[in-house]
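Read through the structures below before going on.
The same chain A turns up in both complexes below, where it pairs with chain B and then with chain C.
On to the complex of A and B.
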C-alpha cells in the first residue's frame, strides 16, 4: 500500500446546502481514479478542498501521510486543473507553463527547461510563443495540462477537463490525456459515466454530497451495490417482483436469491438475448432504433416493456427472449419507490 | 404537417450561411439536422421558423407557401437550449398556457394527459425554478406540444445536461413527440443524440446538406469520409489498394469490402468499430482496452495493423487475443 492521498471524513456546508457529507477515500500511487456524479453532487467542491482553494468544515486531507488540511494551496504538492483551464490570456504558452515552477521557487533557466519538457510531452513543441487565443480548444487544454504537470505534483486533480469540447473531440482527447498522464497519480472528476468507466483504475460514485460506491468499473457495472449505481452507470431494465422460496422469476428464468418479499430485478439490455427458439417467451417489438452500431429495441413481453440491445437488425415483429440467471441482479424494493431511488439530479 | 424546404439560400456579407438547401420533412417525422458550429444549421432553423427571410428559395407547410409569413402565423413550437419557461407561473400553468389562451374547456384533460406523459410528481404549486434543468426542458416540450403547433423546432434542447441524464431524456423526448404525432425538426451537434431521436438526419457542412438518411444509412453508407467520421463516431480510416473481386490489401492484410473497385486502384477504407465479429479467422492481439459498459473499446493488432474495435464486453473478458472476422457490410470503400 502506497497511499498518496487520503481524504478523511470531509464535510462542507454552504448556507443551507450540505455540499459534502463525511467523504472518505484513498488514492494510491500511480492510480487513475475517477469521481463520477451528477451536477451539484459536490464533486468540484471536493476537488477544491483537496487543492486547498476551499476549507472543509470537518475532516482532514493527507498527502503521503502528512496532514495538509491547513496548508495553503501553493504549498501543496498537487496540480489542480479547473474546469475552465484558466490560462493567462496575456501570456504565451511557455510563460503559462513556466508560471508554476517559478512560483514554486525555481529560477528562470530551470523553469524554462521544465516548461519545455512538458510542452513537448503534451505535443505542443513549436507552439511555445503562441498565445492561448491562437490555439484551438483542444490545444488550450493541453497547455493547461502541461502547466499542471510542470509543477511535478504528487497528484493531479482534473475537474471535468473535457466538458467544453464537443462529443467527437471528447472521445479522442480522453484517450490522449490518459496517455500523457500514464504512470501519474490522477484524480479526475466528471459527470460522464462512460468516459469514467473506460479509463478508471478505480471509480468513486457520488450522489448528493456522499460517496455511494467505490470499486473497479466492471465490478460496479455488473455487481452494483444499489439501484442508483446500477442505473447511473448505464441503461438497465428494472422489474418489480416478489421473491419467495429462495427464488425470483423473470420471463422463464428462475434466479436464486436470499431475499424475501418485494424486490426489484435488474437486467442490462445487452444481457437479454434474442434467440431462435420457440420455447422461449415471445415478445412484441414496439420500437426499433439504430443507435451507433447496435439496435435498441423496446419489447413488450407479457405486459412488461424491456429494452433490449441487438447487434443485428431485427426484422420480425415478434422475438423470443432468453435471460441467463447469472446476468440477473436482485435488489431490495426501495421504500421510496424505484423512480426516486434512481433519480439523477 | 409536411414541411418542404426548396433551394433556400442565405448570405451574410461574404459568408454563404445556407447554400441551396432543399429537403422535405414528412408529416409526423422527427427530422434531425446535425453539423459542427458554424455549419449554418441555426440559420436554416431561423429561416424555417420565419425569424429570418431567405435571399431566395421557398418554404412550404403542406402545400402552402409560408416563405413570406411571419413567425406568429406559422404556428411553431420552440424548445431551446436555454430554458425559457414563465417563471412567475407554476409548471402546470406553463403547460396549460396556450390551451388557456385558446379558452379551451377540455384543457384540464389535456394538461392531465401531458403530466402523465412527462412522468413527473408535480404538485399544482410547483414552480419551474424548483425543478431540475432536465425536468424544466420536459415542461418546455410539453408546453410547446400543448400549443398544438404545425411544427416543433428543437434547438440543442439537451445541451449542457449530464451525460446520463441526456441518454435517458432523449428517449423520453422521442416518446412524447411520437405520441402526439407532431412533425419536428431537431438540431444538435451530438451524433449519438441525433441517432437516438431522429427518423432521418441531414448532415450539414459549410451551408450545404451533404447527406440525408436514416441513422443506419448514414452510419453504414456514408457518402464520404466526412460523414463516415462524423456519424460513425470513431472510425478506422485506412489507405488500401484494390485487388479486384471486392478484395483490398492493407499492408500484408487482405480483407473483403462492400463493393468492387478496379484492380490496382488506391482506395480509402472506413471500417466501423462494430465491424469486428468474434469467432472469425483473423487472430487479433488486444493491445488496449476500455470498458464502456455494454461494449468494450479495443485496440487490436491484426498482422501488425492496428484497428479500433468495439465488441460486447462479455465476449472479451479476460482474454488477450480474439479471433475475428471483419464484416464487409461495415466497411465503406472510397476511391482516392
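On to the complex of A and C.
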C-alpha cells in the first residue's frame, strides 16, 4: 500500500463546539477521496488542519509516513484551495500561479515556465495578464486550480471548489476538474453528495465532527452501514417493521434477516419497480412530479407511503409495485427514533 | 525561524519599554503627590474629568456622524473635489495646537473681523476639539474604505433597499473596524488635549486644563485628576472594544423613516458634511491667516531652523512608528487572546494621558538618563504617535480577508513573505494615510513638547514652540500679528507639500481597486 496521507485521531475544539472528534483515515497515492458532510460538520476545519493553517488539539498528520503535525504550512507538500478561491486581487493570473513555485524555491524563469504550463492545462492560455476581478467565476476557479497545481503538491486539498458556481457550470466543471486532476492524489470536501459519488474513488461521510462511514461510493450507496448514511447519500424510503422468525416483510416481499424485533426497512425509490402484473400489490398514486429525466411518484400502498422513480410517464391512478428481496436494506430500529437518527448535522 | 509572531513579540516589548512604561512612570510619581487631598479637592478634580468625558463623547459622536459620508465621498468618488479634499483634509493638524486654539478663538469669539458668536467656555472647547479630531476619524475611515472590497454594495442594492437601510445593514458593519478605531483616536485626542483647549476654555475646566492650572500650585489635585482621567479612559476604551466585538447594529427590516430617505437626502447629507468641514474645521483652523498683511515679515532664520528641526523629528518618529507599528498592528489585527486585548489597552495609554502630564513625566524620565533634549522630544512624540499609527493601521489589516494570507502560506510563503507580498500590498494606501496622521501629529504637537523642554530646562524651538512664543510676543504687543500669520501660513504650505510627498511614496492605488 502506498499511503500519501494518514490522519490519526484528530480532535479540535472551538470554545464550546467540538468541531472534530477523533478523526482518522488514509488517502492512497492517486486516489480521489471525497469527504461529504452536511454544513458545519467540521470538514473545512479538517482540511485546514491538514494544510497546517489550524493546529489540532490532539492527533497527528502524516505525509508519506513523515509526521508533519508541527510543520508550518509553507513547508508542507500539500496544496490547499479554499472555498472562496482567495485569488490575490493585486496580482495577475500569471503572478497568482507563479506565487507558489517562487516560494517553493524556483527561480523566476522556471516559475514562469511552470505557471504557464498549468495555466494552459486549465485552459486559460491568453489570460496570463488579466486580474482576478476581470474573470468570470468559473475562470477564477480554474486560476485557483492552476495555482495549487503549480506547487506540484503530494496531495491536493479542495474545499467545496464548485459551491460558488451555478448548477450547469458545476456539472461541466466537475468533469473538467476530474480530467485536469487525473493521476493526482486529491482530497475533496463537499456537501454535494451527488457530485461526490460521481467522481470519488473513496467516500468519507462525516457527521458532527465524526467519521460515520468510509468506503467505495457504490458500496456505501447500496449497502450503507447506518440509517444516516443511507439517507444522506440519496433519497430512500424508510418503513418501520418487526422482524421475527428470520424474516421481515415489505409489501408481498419476504426478506431474510438475522435481526429480531423492531427494525427499519430501507428501499431506494429506483429499486421499486412498477409492473403490469395484477398479482402484485396495488397502490394509489398520490403525487406525480417530473424531475428532469425521470418521474417521481408518491404511492400509497396499504397505508404506507412509498417514493418510486419511473423513467416512463405514469398515466394511471393506480400502479402495481414489486420489490426484489436483494434490494431491501434492514436496519436495527434506532433508540432515538428515525427522525433523530437521520437528522442532518 | 524568524516569523511575524517573533517580530510582534519584540515589538510588544519595545512598546511596553519605550512607550507605555515611560508614560506611566509620571503617573506613578503623581500618585504619590495625591495622597493627602481633601474631599472638595476630589470633587473639583472629578468634575473636571467629567467635563472632559462629556466634551470627548459629544465631539466623537458628532464627528462620526458627519465623517462617514465625507470619508465615503473622498474614498469612493474619484473626481477633482475628492482629490482636493483628500489633500486639504489633514491641514488642521499642521497648525500647532496652541496656534489652533488662538485661531479658533479669533474666529468664533474675539479677534479681527471675528463672529463674536461664542465666548470662551464649554461650546468653544467643543468647536475647537472638532478641528483636531475630525482629520483622524476621516483619515482612518478613508484607509478602511479604500482597502475594503465593497462589491457587496451592488448585490445589496439589487435587493431594492434604500440607501439608509443599506448603510445600516451593509456599509456600517463593514466599516466597523474603521469607525471604532477612528472614534477611539478622536476620543483619546479630545480627552488629553491641553495646549489649545487652555486658550479657549475661559472659566471652563477640562481635566487637562485643570491639571495644567494646578500642576505648580496644587500638585495633589492635579495628580488626582490625572490618575482619574487615565483610569476612566482606560475603562471606557476597554468597554468600547468589548462591545464592538458583538454585532454592530441590529438586523431588522427597513423602517418607514429609512424608506423616506432617498438619494436627495443622501446628497444633502453629503452637502452637510462638506459644509461642516469648511465652516467648523477648515476656516476656524486657518483664521490666523486673516492677520496676514502685505509686506509682513518675520525672523526667517529662526523659522527655517525650527522648520528643519520639526521635519527631522517628525520624519524620524514616522520611520520608527512604521518599523515597530506594522508588526504590532498585524499582531493586534490577527491574534485573538487575552494578551492581545491587554496590549491593545496598554498601547492606548500614552494617548489618554493629558499631554502636559505626559510631557512633564517623559521629560523627567528621559532627562534622568541624561538624554539629549531633542532626542527626548522625539521619544515623547513617539509615545503619542505610535498608538495613532497602530490603531489606524490595525483597522486596515482587519478589513483584509485572512484567507488570502492562509493560502499564501500554504503555497509556500512564510509569515513574513506573506505579509510583504500580500497584506502589505493590499494595505499600502492605509499605511500612507496612517503615516500622514503620525507625521502631522508630530509636526504640529505643542503641549507635550513644551512640557518636555521645560522639564529639561532646554531652549528648544520646534516649529509649534516658535509659533507659540511668537503668539505670546504678539499678544504682549512686542511683534505684529502678521508675523505669526505669515509663519503659520508658511508652515501650512510646507506641511502640505511634505504630505503630498509621503502620499506619493505610499504608492498610487492599485489597478485592482
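Keep in mind that, in the parts below, the second predicted complex is superposed on the first by the 345 of 345 C-alpha atoms of A that agree within 3 Å, B and C clash if a C-alpha of one lies under 4 Å from a C-alpha of the other, contacts with A are read in each partner's own complex, and residues count from 1 in each chain.
We adopt the following convention: a contact is a pair of C-beta atoms (placed from the backbone, for glycine too) under 8 Å apart; a residue touches a chain by one contact, two chains touch by 3 or more.
Note that the coordinates shown come from a computational prediction; the quantities given were computed from them, not determined experimentally.
Student: Should the pairing of chain B and chain C on chain A count as a clash or a fit in the superposition?
Tutor: In the arrangement built by aligning on chain A, the partners chain C and chain B fit side by side.
Student: If we overlay the two complexes on their shared chain A, which of chain B and chain C does A:51 touch? Say first, second, both or neither.
Tutor: It touches chain C, and chain B stays clear.
Student: Quick check on the superposed pair: does A:88 touch chain B, chain C, both, or neither? Answer first, second, both or neither.
Tutor: Only chain C is touched by A:88; chain B is not.
Student: Looking at the overlay, what does A:99 touch: chain B (first), chain C (second), both, or neither?
Tutor: The answer is second: A:99 touches chain C but not chain B.
Student: Applying the touch criterion given at the start, work out whether A:72 contacts chain B, chain C, both or neither, answering first, second, both or neither.
Tutor: A:72 sits against chain C, while chain B stays out of touch.
Student: Of the two partner chains, chain B (first) and chain C (second), which one does A:161 touch, if any: first, second, both, or neither?
Tutor: Neither partner.
Student: Would you mind checking which one, chain B or chain C, touches more residues on chain A?
Tutor: Of the two chains, more chain A residues are contacted by B.
Student: Report for A:171: first if it touches chain B alone, second if chain C alone, otherwise both or neither.
Tutor: first
Student: Please give the least Cα distance, whole angstrom, that chain B and chain C reach in the superposed model.
Tutor: Scanning every C-alpha pair, the shortest chain B to chain C distance is 8 Å.
Student: List the residues on chain B that touch chain A in their complex, please.
Tutor: It is residues 36, 119, 121, 132-135, 162-165, 167-168, 189-192, 195-196, 214-216, 219, 229-230, 232-234, 272-274, 290-295, 297, 310, 312-314 of chain B that touch chain A.
Student: For chain A, which residues are in contact with chain B within the complex?
Tutor: 38-39, 166-168, 171-172, 175, 191-195, 197-199, 217-218, 221, 232-235, 268-271, 289-294, 296, 309, 311, 313, 339, 344-345
Student: Going by the contact rule set out above, which residues of chain A touch chain C in the complex?
Tutor: Listed in rising order, the residues of chain A that touch chain C are 48, 51-53, 72-74, 76, 78-82, 84, 86, 88-90, 99-100, 102-105, 131-133, 147-148, 151.
Student: Which part of chain C faces chain A closely enough to touch in the complex?
Tutor: 149, 401, 403-404, 406-414, 417, 421-422, 425-426, 510-512
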